[in-house]
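The same chain A turns up in both complexes below, where it pairs with chain B and then with chain C.
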Partner chain A sequence: MTLLNDPPSGLITGTGSRLVAEEPERFRVHRDAMTSPAVLTEEQRRIFDHNWLYVGHESEIENPGDYVRRQVGGRPLFMVRGAKSNQVNVFHNSCTHRGAVVCRRDQGNAKVFQCFYHAWTFDSEGKLSGVPDREAYGNLDWEGLGLKRVARVASYRGFVFCCYDPDVVELETYLADAKDYLDLVVDAAPAGMEILRGTNEYGIDANWKLLVENSIDGYHAVSTHDTYFKYLVALGTDVSGGVDGVGRSLGNGHAVIDYRAPWGRPIAKWEPLFGDAARVEIDRLRAELTERFGEARARWMCEHNRNLLVYPNLIINDIQAVTVRTFMPVAVDRMIVTAWELAPRNEEPDVRQRRLDSFLTFLGPGGFATPDDVEALESCQQGFASGGVEWNDISRGMARPPAANDEAQMRAFWRRWRDDMDRDDLRSMP
Partner chain B sequence: MSAPPQEVTGTVTRAEVEDLLFLEAELLDNWDLDTWLTLYTEDAHYVIPATDTHDGDPAADLVLIDDDRLRMTARVERLNSRKAHREYPHSNLRHLVSNVRVGAVDGSSDDPEFPVRANFVVYRARNGKDVSFVGSYEYRLVQRDGQLRIRSKRVMLDMTSLRPANDVAIIL
Partner chain C sequence: MTVPTESKAITQTAIEQFLYREARHLDDREFEKWLDCYADDVVFWMPSWGDDDLLTEDPQTDVSLIYYPNKGGLEDRVFRIRTERSSATSIPEPRTSHNITNVEVIERRGDLVDVRFNWHTMYFRYKTVDPYYGTSFYTIDFSGSSPLIRRKTVVLKNDYIHHVVDVYHI
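Right after this comes the complex of A and B.
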């Protein structure tokens, strides 16, 4: 293609600035950013090897020895609560002997992790504890042959992140103002939040960055999701108010749209489709949050929907329900998506049922909205193949204070992406 | 004390069950979804658990689909509307149903239920891409006005994730 004539070993310096073009009232992204295999190769190095990435939620590994297996930034890892330390450990899921995957189930509880190939055994803190025929080795480096920890692991209010770059800034510094939005989600649940059983694991034949944009795109809601709004109306929701709010950058590529919408929220905005039984509980939740946080913050927590992007590939949307969604490219035109449902512990059953309903009807890949997002993203990717048009336009809202249906939040992502892709000091991480 | 339980009786042949299941498959393949709905009782449920939790309980766990009759109707309206963009134009579908097994009658004596298991493959072809869904159906069938009807259908996907098929906008 025109912009990228380098050997596949790397992109020329300034690739980000060549693909993201910003003028005073015009912001464009070159479609090579979504179609070039060379860009994808460099994203793996410059983005996924150097930024904090979401691993999982602490509620998934409550007890010592509990573990979950994950793909993070394209690499197989597992997260386990150490039996001795009670800490969250995140290990590269590869035997230090000759490479086999050590943790071979998606989740469970284990005292030890034994590699089946030659039966080396590791404990939940990663320590090598058993090697058959150890005499054959003389002085085996037991310390050095423990499971390899991911370079950096940290957790913010239950959300566990890791980074392959040992020199990355602290997680809290990295999260910048996204922390406030994570706080809003967590503070709303006095007994804490938990990930529910059941995972949405789906796929989209489109570049991963299209789902970044789509997850924080207020502009498409009415046009793409007509059938979802019709469903809400059929259930008695008044949708005449529409969507009203702001889009903002939260620093370091993180961004949010923060808005009011017609639908109900289990914390804590009642709608007729919730039924009268749930009304008492929702009013009580609202009163309790007002008591704890004051009128203004409680209103923000209860009435505002917040689609949050934590750069580069974590979405936490606190809307009709709360989704925790992450996705990774497996090709320039394909991504895999994993989404979990986050909910308050000990939620009243009527409210929990409405929350579950809302998640699967709006956010689920078998619902009334997400399949149409999948279609939209695939349609864009197919459109790119036509050529002729080189640039996407992401200027909406540059001429006014950005609303939730503008594109300021997407520009925040792209500016950080541009800067990451411009850097030439980012090496591949082991 | 309630009355001693009465023995639940009732019979249905595998041929009768297969007639219903094959009719359902044909209606889905033909996108005749309004007629498809008439095969279900008023209190029907249609559920697809998540691919990682086959025992998923729609009242507690995240599942892929949890439709009561109201939501089944909404789903049909959506798919008929031309605004379900993922399914407009509609996919070419082929539901293959086999290995049908009818279990022992249960339920209550005045409304016997017939548990049925079957295996399926559903092929979906659209826009140059062909995908398949593989798994088993768990039905509970009842008699309504002399007709065999579906009170519940639970679809257990064998795929370890939905990824090979991307999404499940169609009815399985």
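Right after this comes the complex of A and C.
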């Protein structure tokens, strides 16, 4: 069954091209893309059912039986390390009997997952291991009644993704040049990276794609985050260099801004905020990376900030700290954001402390920057309601090599979005 | 700190009056007077919740919502609010109303008193009311002419946050 033959959904062809208008030096997105519930319905099928989506990080489930529960593409799932296979399993979180969720906590360790409704029990590999009064049934296919695996699951350097479309391209093909930027994050930590305890969860009354744009937007930094820059200046940071770098498309809708900025980086760029004592340690980290990767790559790792979008809804910002952020629409004008902090294992305690300070100062609902971003996004959504103006303009930088404060990286997202929304060969996924 | 041989009376009323005053400075946006309620060495901490539904335990290793090891961080926040250039915290001015209940003395060590209390802040902005509520744990130093907060740990119980959480919400 194709989407076109699926009357209840009411999907239309050519939605992407109707809403994204590209000319040689003009790029516009129709505001219906942010305000139309019909578009959101199409996105669910065309985008979230057919692209690789971030589930979690392998460090969150290190031991057999460790699990985390997640909403991925709007669906409740859980990811568990199998006790026998030691592999990462990702299951639809629904009892194969009558539907109740079988994993009812956000995180933990379990030998079995028992549905509390009728006590059907599944092991960490998804096998149905217990059914009360099994003799009441005839010859059921008990094997086939194990937990349903998500069609595709794969991991790249610790980042676990899944896809509901069994025919999707391999994850590494999908990630395209975004892989290089994931490598930069992971290579900086000789012992690997881990997600730290403590999850930030917040809601924004705005369309989800506005956060895509905002997360890779170098243009807004100086105006929206004025108070943050003032704060840095008050602490003695030289902000005269501003935000300086490039915006790049990485293929398949992925994109990055790669730039130098005034603030410090725990790996490894000192700033006054870190205190003089930290200078030695920062220099040591830098020297180590230079030895391992050479001067040029070490400079890239240490001095450049990288706001990375992995299409459609994963952001990995390697800035004052590394934040991993994913978000899902719950309505055309509302999204839920979940954010974690990623840090090197076995990090020196004072480096870890600086990393946490940097993270908290800038990021999260209690930080100096995120609330102002949220305010901006909500303000855009409110402005859309005014009507009159039909199109957003995303043309910045089309007439020159794109800088980090241009909008080339957003155009990369929107072109892929347009193509996804135009496709008429996509089935709805069970 | 040495325990005075004849310690002065620190009444429930004195403790409550101090908590009300601190909250009033936030509601009235008298942030400089609010800062005066804090000792220079105050540890101000609002932990995050983990996926395991437990609070993070160590601000040195886990992610918090807000953590400052001294008063400097609080001063930075007031500086930011006073610039009136943060659209999330300044314009339009949020209206808050702090409500404090269940004030309970946990321990007294000389002039230092550990208290816990429940709080409920109503926050009005853009014609919407967002509630913030939780329990706070203070260590208050009554040795000087006016009490000073030496430690403040805030447990935000509704941590699915709409938009923003700042010092004036808690």
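The rule is simple: the second predicted complex is superposed on the first by the 421 of 430 C-alpha atoms of A that agree within 3 Å, B and C clash if a C-alpha of one lies under 4 Å from a C-alpha of the other, contacts with A are read in each partner's own complex, and residues count from 1 in each chain.
Keep this in mind: a contact is a pair of C-beta atoms (placed from the backbone, for glycine too) under 8 Å apart; a residue touches a chain by one contact, two chains touch by 3 or more.
Since the model is a prediction, treat every value here as computed from it, not as a measurement.
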item: Combined model on chain A where chain B meets chain C, clash or fit; value: clash
item: Chain B versus chain C as contact partner of A:D217, first or second or both or neither; value: neither
item: First (chain B), second (chain C), both or neither touched by A:E43; value: neither
item: Which of chain B and chain C A:D226 touches, first, second, both or neither; value: both
item: Partner chain(s) touched by A:G108 [first = chain B, second = chain C, both, neither]; value: second
item: Touched partner set for A:E58, first chain B, second chain C, both or neither; value: neither
item: Partner chain in contact with A:R197 - chain B first, chain C second, else both or neither; value: both
item: Residues of chain A contacting chain B in one complex and chain C in the other; value: 106, 196-205, 224, 226-227, 230-231, 234, 340-341, 349, 352-353, 356-357, 359-360, 364-366, 368, 370-372, 374-376
item: Residues on chain A engaged by chain B in the complex (per definition of touch); value: 106, 196-205, 224, 226-227, 230-231, 234, 336, 340-341, 349, 352-353, 356-357, 359-361, 364-368, 370-372, 374-376
item: Residue numbers on chain A that touch chain C, as the complex places them; value: 60, 68-69, 105-108, 196-205, 224, 226-227, 230-231, 234, 340-341, 349, 352-353, 356-357, 359-360, 364-366, 368, 370-372, 374-376, 378-379
item: Complex contact set, residues of chain B against chain A; value: 48-53, 56, 58-66, 71, 74-75, 77-78, 81, 83-87, 129, 161-169
item: Contacting residues of chain C [partner chain A, same complex]; value: 46-53, 56, 59-67, 76, 79-80, 83, 85-89, 159-166
